[in-house]
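Below, subunit A partners subunit B and then partners subunit C, in two separate complexes.
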Partner chain A sequence: MRLELHKISITGLELGSVTALKGGVLTVDEKAVLEMLRTDSRFAEVAVDVARPGERTRITPVKDVVQPRCKLEGPGEVFPGFIGDVETVGSGKTLVLDGAAVVTCGQIVGFQEGIVDMSGPGAAYTPFSGTFNLVLVFTPVEGLEKHDYESACRTAGFRVAHYLASAVKTARADVVESYELPPFNVAMTAHAGLPKVAYLYMLQSQGLLHDTYVYGVDAKRIIPTLIHPNEVMDGAIVSGNCVSACDKNSTFSHQNNPVIRALYARHGRDINFVGCIITNENVTLADKKRSSSYAVKLASMLGVEGLIISEEGFGNPDTDLIMNCRKAENSGMKTVLITDEYAGRDGASQSLADACKEADAVVTGGNANEMILLPPMEKVIGFPTFVNVIAGGYEGALREDGSLLVELQAITGATSELGFSRISTCTK
Partner chain B sequence: MSFRVVHYINQFFAGIGGEDKADVPPELRQGVVGPGQALAAALGSEAQVVATVICGDGYFAENLEKATADILQMIRSCNPDAVVAGPAFNAGRYGTAAGAVCAAVSKELGIPAVTGMYPENPGVDMFRKSAVIAKTADSARGMKDAVPAMARLVLKLLRKEELGSPEAEGYLEQGLRKNFFTDVTGAERAVEMLVNKLAGKPFVTEYPMPVFDRVAPNPPLKDLANATIALVTSGGICPKGNPDHIEASSATKYGEYGLEEFDLLTASSHETAHGGYDPTYANNDPNRVLPVDVMREMEKEGVFKKLYGKFFTTVGNGTPVANAKRFGAEIAAKLKKDGVDAVILTST
Partner chain C sequence: MSVNVLLVTNNARIVGHVSTSRFIEGTAQDVFVAARDLVHQGWRLLTHPLYGNFRPLQQPFRSVLLQKPSLFPAPVDMDSLKLLEEALAFHALPKKTSVADAGFASNTLEDLAFLDMELMKESLLRDRLWIP
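Let's turn to the complex of A and B:
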């Protein structure tokens, strides 16, 4: 399967009367976007705004971030099961508005949405301070059930992301990247002498708004399965997740999964990257046992020698992470885990809820409990009072001058367990 | 203007005497005493030792709370910017006292406190998280290195500079996890680590796994009908009003309360102190967490002989493992002494 990503570098974002691209500046037809979103009767009100890197702007509560993409060639359409039909994606050509993002805001669970600061100390902790963000703020109709609100916000983000890319389809790409992995019969004998490696990709599926979708299917209903990494780039995996902001995988970070990129980068040189296995993080013991055994069995069937295992969320999913690790190591595979930590505000506590001696190679995305003072911003997009109740915030976190004293937990993508950020943790 | 430092030392280094004088109570003297001279020299012009607090190691150990309070009061009266204690080398009681003073100073006065110990000093494990401890030799022969090391650390803290790694700065690892920015993403680090692991090359994990204490279960009871059984919970059930103020999270204590008068627990007799779960159902019917009702029925039926007359309770919510371990050891000792044959542990 071969996929070309045709990347256009976005260097500016404006609201205007027609959606167009000129010299890297994306102008968005505000009226068209609003009209499109207002067809959804679940929203009482929709607002559109813009946040650019370096601006003194705070966005909160952030639900999801989506990168504008659409298919140029090849079967299917991006976000299969939501925008595209449930046709297999991951081959042909896909247009990417690199440097742009659609940020959705809603007060769905309140305590499980995040903060994105476009400048100041908080900006260093979120990847989305560096993107030109089209921010969509959704107010639900009265009495709308939370699951419906989440679903409405989720789909709206995909629609706008797809719309933006589609509207500038004829523009010329600045960069074309190609990604290709051969079928297994070829992969198994390719790159003699290099170790075969797979990626075990854990998807948040604890339920009750902690959900991830694969081709539109709720991940808690899947049995671990194989997916081509290119499918992920076309939005086959999307976030429906309202868990703590710091380590939930936004749709953007799925589309740009850095583990997949890093494995591709070393493919054929240091490793033979043969594929991706997705698994879930369900809450019952039977599900945990079944999924970890099944996922590791798939890796064994592929005959891989090494596995990168990435977690999503914390606490309960730590047990899935450790089960995956222990079973894989005991089956003779070498593992490296990517997680983050909840070591307390002072860093003195144990970081994970589970551990095993086999987990001797761990990458951490940081201690999510560490505190950060976010100074007041000139402009706040969204619903700022929700900071008092988001995870990582607390009653009184929002001070009178508009500054916030919160845990990193409250910052969108701060301690990404896909290894998106450059944060790590050491023991002092 | 230079920073004001108070120095804490024991009776031995103050020249009062050895073990025979270990019972002297705290005393405040102006200026430097004993090793304070070397400390003053190492601090240079940036900081001065304004006073010295002296206490006998034996007195401190036997009067922990009073000694800490009195010493804190003496230190406070000097209006210092920082406190240096010791170095205590491998002297256990001195290390414990120096560590306790530093921990109390940072907690109560919020100013830097630095001590110095040999890594195997028992005071290290007790206070490494709450005090900055310079790594020293095991005896006073290491004084000439220990004092400058402590001075360097305290000056750095007084300047509000962040300490580097324990190896680079010469202090004992505090076991505190601190975030920092790296040059490469986590994903790239992970793949690099896997490449090295597969090649059998050295790699360094970013999070060494903690070793969980695994307790092997005892063999089953041989004679249930004649057994005395106790209830112990981390679910926070306590008499209404939480008389001992067990914390809702990060508990520092457990409670022990009578059960003799209860056939079951009710919403008016008991409640939970736990802050980590929705307490509605536990408060409506505390037997859901501490099953006194069922135990009484089974006791009447003769399934077992007797429900032990007390229950032990704490809150398992972000509670440090060290505290939990201590609670467990103390509770087990009491139960054993009272001839309890088996325990039912309930969590939430």
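Let's turn to the complex of A and C:
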């Protein structure tokens, strides 16, 4: 399966009367976007705004972030199960508006989360301070059931992201990247001498506001299965998860999963990257046992020597992470875990709710409990008063001058367990 | 609902949706301790006690589903015990006497109770234990 990503570099974003691209500046037909979204009767009100890198703007509470993409060639359409049909994606050509993002903002329950600061000290902690953001703010009709509200916000982000890319699909790409893995009969004998490595991709799947969808299917209903990494780039995995902003995997971070990109980059050089297995993080212990055993069985069937495992969230999923690790190691695979930490404000507490001796190679996305003071911004898009009760905020977090004292947990993507971050460190 | 399954919870909102429950008027820690007492008697956990991406101060409601052993005396299920001990360690914070002391606004508490119920409902529906 071969996929070409045709990337157009977006260097500016404006609202206007027609959606068009000129010299890297994307102009968005505000009226067209509003009319499209107002066809959804679940919204009483929709507002559109723009936030650019470096501006003194705060967006909160962020529900999801989506990268504008659409298919240029090949079967299916991006975000299968939500846009167009459910045809298999991941081959052909896909247009990417690189540097642009659609940010959805809504107040689904009384406690909310997700801060994106476009400048100041908080900006370094979120990858979405570096993108030109079209922000959609949703107010539901009175009495709308919370599942419906969440679904409406989620789907609206995909529709607008797809619309933006589709509206400029005749534009010429600045960069074309290609991604290809051979079928298994070839992969199994390719790159002699290099270790076979697979990626075990854990998806949040606990329930309302904690869900992920694969081709439109609720991930808690699946048993672990194989997915081609190119399908992920075409939006086969999307986020319905918006609790714990720092370590939720937004749709944008799924589309640009850095673990997949890194495995591709080292494929044929250091490793033989043979594929990707998705699994879930359900609440019942029977599901945890079933999914971890089944996922490791799939990895064993591929004959891999190494398994990269990324987690999403914390607490309950720590148990899934450790089950996956232990079972893989006991089956003879070397594992590397990617997680984040809740080690207390001084970093001295136990980082994860579960652990095992086999977990001896672990990458951390950072300590979500670390405090940060976010200065006041000139402009706030969304519903700022809810910062007091977001995950990572607390009563009194929003000060009179508009500044915020919060834990990193409140910042969208701050401790990404995919490593989709602007801050990193390395040891040599 | 099977009499072999019991929901231990401090969330009053969920109690009417299961036929066998034990309501704990107290904190999350009190729920875990009550569940742990049952585990010491041979009951097994069916759900993970730390479901939902909330830290202890963010979600005062907790519900735990347990299965009664078919025969007594039954051995202690060490996996269940370990998960509850880990949950208690995770919640080892200054003890509050009730959910009302947690300092949440009433509408926020309602939403937290709703979300707790929704996350548990997924498991109850799966085992046909949910009463609409």
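By our rule, the second predicted complex is superposed on the first by the 419 of 428 C-alpha atoms of A that agree within 3 Å, B and C clash if a C-alpha of one lies under 4 Å from a C-alpha of the other, contacts with A are read in each partner's own complex, and residues count from 1 in each chain.
Simple rule for what comes next: contacts are C-beta pairs under 8 Å (C-beta built on N, C-alpha and C of every residue); 3 or more make two chains touch, one makes a residue touch a chain.
All figures in this text were calculated on a predicted structure; none of them were measured in a lab.
J.: Judging by the criteria at the top, classify the pair subunit B and subunit C on subunit A as clash or fit.
T.: They clash: once the shared chain is superposed, the two partners overlap in space.
J.: Can A:138 be said to touch subunit B (first), subunit C (second), both, or neither?
T.: In the superposition, A:138 contacts neither subunit B nor subunit C.
J.: A:43 contacts which: subunit B (first), subunit C (second), both, neither?
T.: Touch status of A:43: no partner.
J.: In the overlay, answer first, second, both or neither for which of subunit B and subunit C A:350 touches.
T.: A:350 sits against subunit B and subunit C alike.
J.: Considering only touches as defined above, state whether A:262 meets subunit B (first), subunit C (second), both or neither.
T.: After superposing on A, A:262 lies in contact with subunit B but is clear of subunit C.
J.: Answer with first, second, both or neither: which of subunit B and subunit C does A:363 touch in the superposed model?
T.: Touch partner of A:363: subunit B, not subunit C.
J.: Applying the document's definition of touching, compare subunit B and subunit C: which contacts more of subunit A?
T.: Partner touching more subunit A residues in the overlay: B.
J.: Once the structures are superposed on A, label A:314 by its partner contacts, choosing first (subunit B), second (subunit C), both or neither.
T.: Second partner only, subunit C.
J.: Under the stated touch criterion, which partner chain does A:128 make contact with: subunit B (first), subunit C (second), both, or neither?
T.: neither
J.: In the overlay, answer first, second, both or neither for which of subunit B and subunit C A:146 touches.
T.: Touch partner of A:146: subunit C, not subunit B.
J.: If the two structures are placed on top of each other, which part of subunit B overlaps subunit C: 74-82, 110-118, 128-136 or 272-280?
T.: None of the options clash except 272-280.
J.: Just to be sure I follow: which residues of subunit A are touched by subunit B in one complex and then by subunit C in the other one?
T.: Touching subunit B and subunit C on subunit A: residues 350.
J.: Can you list the residues on subunit B that touch subunit A in the complex?
T.: Contacts found on subunit B: 129, 163, 165-166, 173-191, 193-195, 197-199, 203, 205-212, 318, 320-321.
J.: In their complex, what parts of subunit A are in touch with subunit C?
T.: My answer: residues 109-111, 146, 204, 206-210, 220, 241, 243-244, 247-248, 282-286, 288, 313-316, 318-319, 342, 350, 353-354, 389, 391, 394-395, 409.
J.: How about subunit A: which of its residues touch subunit B in the complex?
T.: Subunit A reaches subunit B through residues 124, 195, 197, 258-259, 261-263, 265-266, 270-271, 305-308, 310, 334-339, 341, 343-344, 346-352, 355-357, 359-367, 370, 408, 416-428.
J.: For the complex, give me every residue of subunit C touching subunit A.
T.: 45-48, 50-55, 57-58, 79, 83, 86-87, 89-90, 103-105, 107-108, 110-112, 114-115, 118-123, 126
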